[in-house]
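See structure below.
Per-chain numbering from 1; labels A, B, C, D and E assigned in written order.
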Amino acid sequence: MQGLDAVRSCPIDVMEWHNVLDPSGPELDQLAERYKLHPLHIEDCRHRDQRAKMEEGESYLFTVLKPVRIDEDGDFVAVDVDIFFGPGFLITVEETDCPEVRNIIARVKRTMPPGSRPDRIYYRIIDEVVDSYLPLLDKLNDTIDALEDEALQSPTPEVLQSIFHSKRTLIFLRGVLVNTRDLAGQLQRLHVHWISPDLAPYLRDVYDHVARNLDMVEIMRDLLAGTLEVYLSSVANRTNQVMKVLTILGTIALPALVISGFYGMNVRGLPGAESPYGIGIAVATMLLVTGLLLWLLRRFGWL
Amino acid sequence: MQGLDAVRSCPIDVMEWHNVLDPSGPELDQLAERYKLHPLHIEDCRHRDQRAKMEEGESYLFTVLKPVRIDEDGDFVAVDVDIFFGPGFLITVEETDCPEVRNIIARVKRTMPPGSRPDRIYYRIIDEVVDSYLPLLDKLNDTIDALEDEALQSPTPEVLQSIFHSKRTLIFLRGVLVNTRDLAGQLQRLHVHWISPDLAPYLRDVYDHVARNLDMVEIMRDLLAGTLEVYLSSVANRTNQVMKVLTILGTIALPALVISGFYGMNVRGLPGAESPYGIGIAVATMLLVTGLLLWLLRRFGWL
Amino acid sequence: MQGLDAVRSCPIDVMEWHNVLDPSGPELDQLAERYKLHPLHIEDCRHRDQRAKMEEGESYLFTVLKPVRIDEDGDFVAVDVDIFFGPGFLITVEETDCPEVRNIIARVKRTMPPGSRPDRIYYRIIDEVVDSYLPLLDKLNDTIDALEDEALQSPTPEVLQSIFHSKRTLIFLRGVLVNTRDLAGQLQRLHVHWISPDLAPYLRDVYDHVARNLDMVEIMRDLLAGTLEVYLSSVANRTNQVMKVLTILGTIALPALVISGFYGMNVRGLPGAESPYGIGIAVATMLLVTGLLLWLLRRFGWL
Amino acid sequence: MQGLDAVRSCPIDVMEWHNVLDPSGPELDQLAERYKLHPLHIEDCRHRDQRAKMEEGESYLFTVLKPVRIDEDGDFVAVDVDIFFGPGFLITVEETDCPEVRNIIARVKRTMPPGSRPDRIYYRIIDEVVDSYLPLLDKLNDTIDALEDEALQSPTPEVLQSIFHSKRTLIFLRGVLVNTRDLAGQLQRLHVHWISPDLAPYLRDVYDHVARNLDMVEIMRDLLAGTLEVYLSSVANRTNQVMKVLTILGTIALPALVISGFYGMNVRGLPGAESPYGIGIAVATMLLVTGLLLWLLRRFGWL
Amino acid sequence: MQGLDAVRSCPIDVMEWHNVLDPSGPELDQLAERYKLHPLHIEDCRHRDQRAKMEEGESYLFTVLKPVRIDEDGDFVAVDVDIFFGPGFLITVEETDCPEVRNIIARVKRTMPPGSRPDRIYYRIIDEVVDSYLPLLDKLNDTIDALEDEALQSPTPEVLQSIFHSKRTLIFLRGVLVNTRDLAGQLQRLHVHWISPDLAPYLRDVYDHVARNLDMVEIMRDLLAGTLEVYLSSVANRTNQVMKVLTILGTIALPALVISGFYGMNVRGLPGAESPYGIGIAVATMLLVTGLLLWLLRRFGWL
């Protein structure tokens, strides 16, 4: 391809890496002018909360990645890291005051010796971001596992709230991962002369990792939907059990009440009331009727 | 391409912008004759309530956009704005008496200086309409967030009605956005000589914004479906709780009633009735039986 | 294309329109022989209840359309109208004794002057059939709107039955519309010399109308599914409310019953029974306990 | 195409039709050797319970069809019929002892006169199998219709079991039909010289019939899912009604019990107890309180 | 194709089969160096828990298969077996200490005589793994069948837990099978000179088997979803029945209680209390009212 000649004329390992710490500062403007960055991309860097995406500019790739972190409330939030990668230059734009992004950049800088190939550094940053999703997914998986047990054993409103909260988190993560997967897929199909073809297996590897993360999210969604159904079934089951207890209590008490009410009437001719065995007759009748009722309920499977 | 020659012969920044305020008036007929607009498109302008769409006529693009506004009842309604955009002319057809469309047109006129390139104006109108969806989506998102809490804490029929109302709104917005996204996608793939290739990143940006809006709608649909399930689970939970209260009441009252009924019988030989401790015996029995029952219910986890 | 030469040699506005009123009669056999119609198509005309479809024969198009009507029971039923359209001839086969099809054919005949282009007449018939769906959809939409309110306000078994009936109707309409949309799509992609290219915008218009109808059906399906969920939630809510009433009744009555039972015992030593304030003591105790219970239920949010 | 020459050299109406009755016997081995049938296909004939499928061998088509029959328990079961169809030969392999397959083969033999074109016979066998599905689908449709009414009127566990049984049957039929549709689609796209092009409309007809059957199955699935929801709603409705009856009973009985308990107390000073109108006062109070309660429940819409 | 020449120069039946028992040992490193295996693939062998996949290296195929086994808790777990297959060599990497993989390799070694074609051995390993899924699926199918009956007859929390457990297993198996199907599909489309074209029907056979397994999983998912719905309906039904029993008990007891309470009042003028038939009057009234109530409930279909 024509790209190979280009590789020879432009040494891909001579590179300048600009790490912009303050996207609203003048540094970014100067870089934009020097490398002819598109105004829409600069705007994207400054108005945060973009989707993870990759856009091919005329002479560079503009990539938005979305590392995710857990905030003080235990919620998952996404931050932005923007990368401009062209022949001979790499510009990373951090979100101001975000330790997660800082750590990722630092880790890449530490592991890539000076003079490393720029396309490898570019790949490494993406790889680091993708790898950072896994512990979060594992954590969420544990939460969902626990919710399933709780829904079965104590279906309280708090569990309901937790199920819904996890659902929100999953929807959020799914959004981030879907976009990242599309980005990784685009990267695989890309042919630009400043990314060497021998990087292909590594880019496929990144794609595979994102795809696997996404599979995990889909499985968790499925399990969470099941958890809500288990919750509802579990509550229905408990109501059924409480009803049974109430009915059994009623079955025991009502005959006794009817018969004692009967013998409590101020009328003449109560059978056996005058007999010295009156009390015995009354109690025996109570026990007999209650027993008969309980036997009937069992017999016809009503309880 | 052949389009580039055409660009040279027809200066794209010399343009006439006709803004038709009354689609049923004769002005539109005159423009239709002058610019050879297709009768079906003129009919679309006059019979409102079209889908957002773009159709390529022989020498112009016919675009229907659907700005959305909130009416006095709080319902979301869509209005129509039709655009004919050809080489050297731009015709916008407003819906009679609709301030939203008027504002959008006015804002575009204000921000685009006279002599602006016509394709940029065309893009700006579409961009304005797409941007106008975001505050509406945010508002709806807040409503759905609030509904979730209410479904958990007080699942009244009013909440049920609100959930259903939000569902209707989402279905409506989804329809508008899906059509607008298709329109934006078509616009990206379009090759006509009166739209300059350097507009491509801007058109992609419009597409991205619509796609993001649509993602938001899908997420809200998902959350709303969850809210209905939470509602149902919450009601089931409350019924369960009420049943428990009733059963506990019964457990306390029934033994007392049975025993007081027993001692209320007008029969001979009530145990301890003649004793001066009669009342003590009776009350002690009541407390004992009730206590035993409550212990049993706990013991076997029936409550 | 070669089709254009064909157009010149065969004047497309000289046409014979045969309207066959009795598909089982000999007229259809004679036409089949004359125009070389495929036996399978003739069979389709005679065995009714085909799907809406279009098939390209060697020298003609065979189209089955499905106008829908409401029968005396309020059910939606589809009838068949078959069209053979070839260069220089148009054969429409009505269903015996069906006023809807007769009206459509009559309306087309009335509005198309003699000497009209045959492809326009063909388009007009399809357009009329597609237009006839809209009032039916509007009617169904009103029914579903009403059902939603009823499900919220009086979830009776009749409402449940109506929801299910509407569901059946929607499934039926969806089937008809999906097939008609496929037919319209096929028509757009078709290139036969006896349909002039200037009909293209009209055929696209037909497709758009069917697609919109189908969107309406999908939205109604979504709303109807919601209505069933609302119904279930509404019933659950009412059961919850009835349970609350019962529990409150129990809370009020049980203490009174226990205390009056207590003072109704034929034992010695009832506290205060001999006192002249006996009745006051008893009643005060009743009110106190009931009040305490109600306060407790409120306090712990059990009701 | 080259196929047309081949047709001339090999007369397609001279054919041998081998109908193998015992797939495990030596006859099949001899045919396999003579016509070079692939070992995997012979294995498929002997290990029954294949999917409906068509595979193109080097010089023949291997087709597995799945006629369905109702066994003595009323369950739907599929049997296998395998067809090898190559230029000049047709081998059908029946399942041992299966009257359905035998009937289909017999019917084809009866209706196709000796000397019929082999591709027509091949088509006829497939057509017969596809036609045999329709009465089964109609039968199932009637069952589902009946279940819907029963779910509304008497939602017993038996109905629940029948719903689930029908669901199983639908899932099973869907599997058979999906595979048969794929087979019919493959058949349409096939170009082999021993199937004449004039068979195309007939093959499309087979495809259409399978597609229609599949539509029916999808509609029945949809209706059956609705039936289960109706069942659940119907049970919920009935529980609600039973609760109302219980609550009304309680509303009537509890005031009477409280007041008669009140007057049953062995304390002094019961208001009006000594009066000759005592009984009237008591009864009047009972009726008044009950009436008041019922009015309140109605008034606030609690019942 | 060029592949055929290659076949002649490199005799495909002269092969070395390396079976690596310890993926972390040095043997794998030596093989990696000798056959130029990609570092990412070696890493995959060592970090277990990959997805089933196939990757084309420059001069070999890297395949990860996932045999499934049942662990001591009855859970389904997947293990890894990695295959490097290039012209003239086959490297299988077992998971340390996994009898299932060992058995599969042993079975292949036993059935393939020395000197067997390497592509046949490669196919056989894949075939063995795919065949090993069927007994597991059958076992799961039996479990789900049993769950359906239990959900209908005794919807206990244990059944709910089993349903959820089966759901998890299905989700897990589906993941394994989807990846294996993709692998098998890739294998069918593959053109490498060290796999002979006459293997194609066998590879299609593998694909068919995986696809069938996947169909079974989908059907089981569908049935399991139905089982959960049956469970919920069954619990609702039982609650309804318990409520009916309670209401019938109440209907029988409450009139008796009200009337005996009435005759238990210490007031004057109880009708018939002084009469010798008092008891008869009271009992007759009780029976009459109870009978009337039961008749009313039946009459208006409230029970």
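Points worth noting:
The definition used in the following text is that contacts are C-beta pairs under 8 Å (C-beta built on N, C-alpha and C of every residue); 3 or more make two chains touch, one makes a residue touch a chain.
Computed from a predicted structure; not experimentally measured.
Each step here moves to a touching chain, and the least such steps from chain A to chain E number 1. When the CA atoms of chain B are superposed on those of chain D, the rotation angle is 145 degrees to the nearest 5.
Here the CA centre of chain C is 23 Å from the CA centre of chain D. With centres taken as mean Cα positions, chain D sits 37 Å from chain A. The residues of chain C that reach two or more other chains are 232, 236, 239, 243-244, 246, 250, 257, 261, 264-266, 270, listed in rising order. Because contacts link each chain to exactly two others and close back on themselves, their graph is best described as a ring.
By the touch criterion given at the top, residues 38, 40, 51, 53, 55, 155-157, 160-161, 164, 167-168, 171, 175, 228, 231-232, 235-236, 238-239, 241-246, 249-250, 252-253, 256-257, 260-261, 263-266, 270, 272-282 of chain C touch chain D in their complex. Across the interface of their complex, chain C is touched by residues 148, 152, 201-202, 204-205, 208, 212, 215, 219, 222-223, 226, 229-230, 232-234, 236-237, 239-240, 243-244, 246-247, 250-251, 254-255, 257-258, 261-262, 264-271, 293, 297, 302-303 of chain D.
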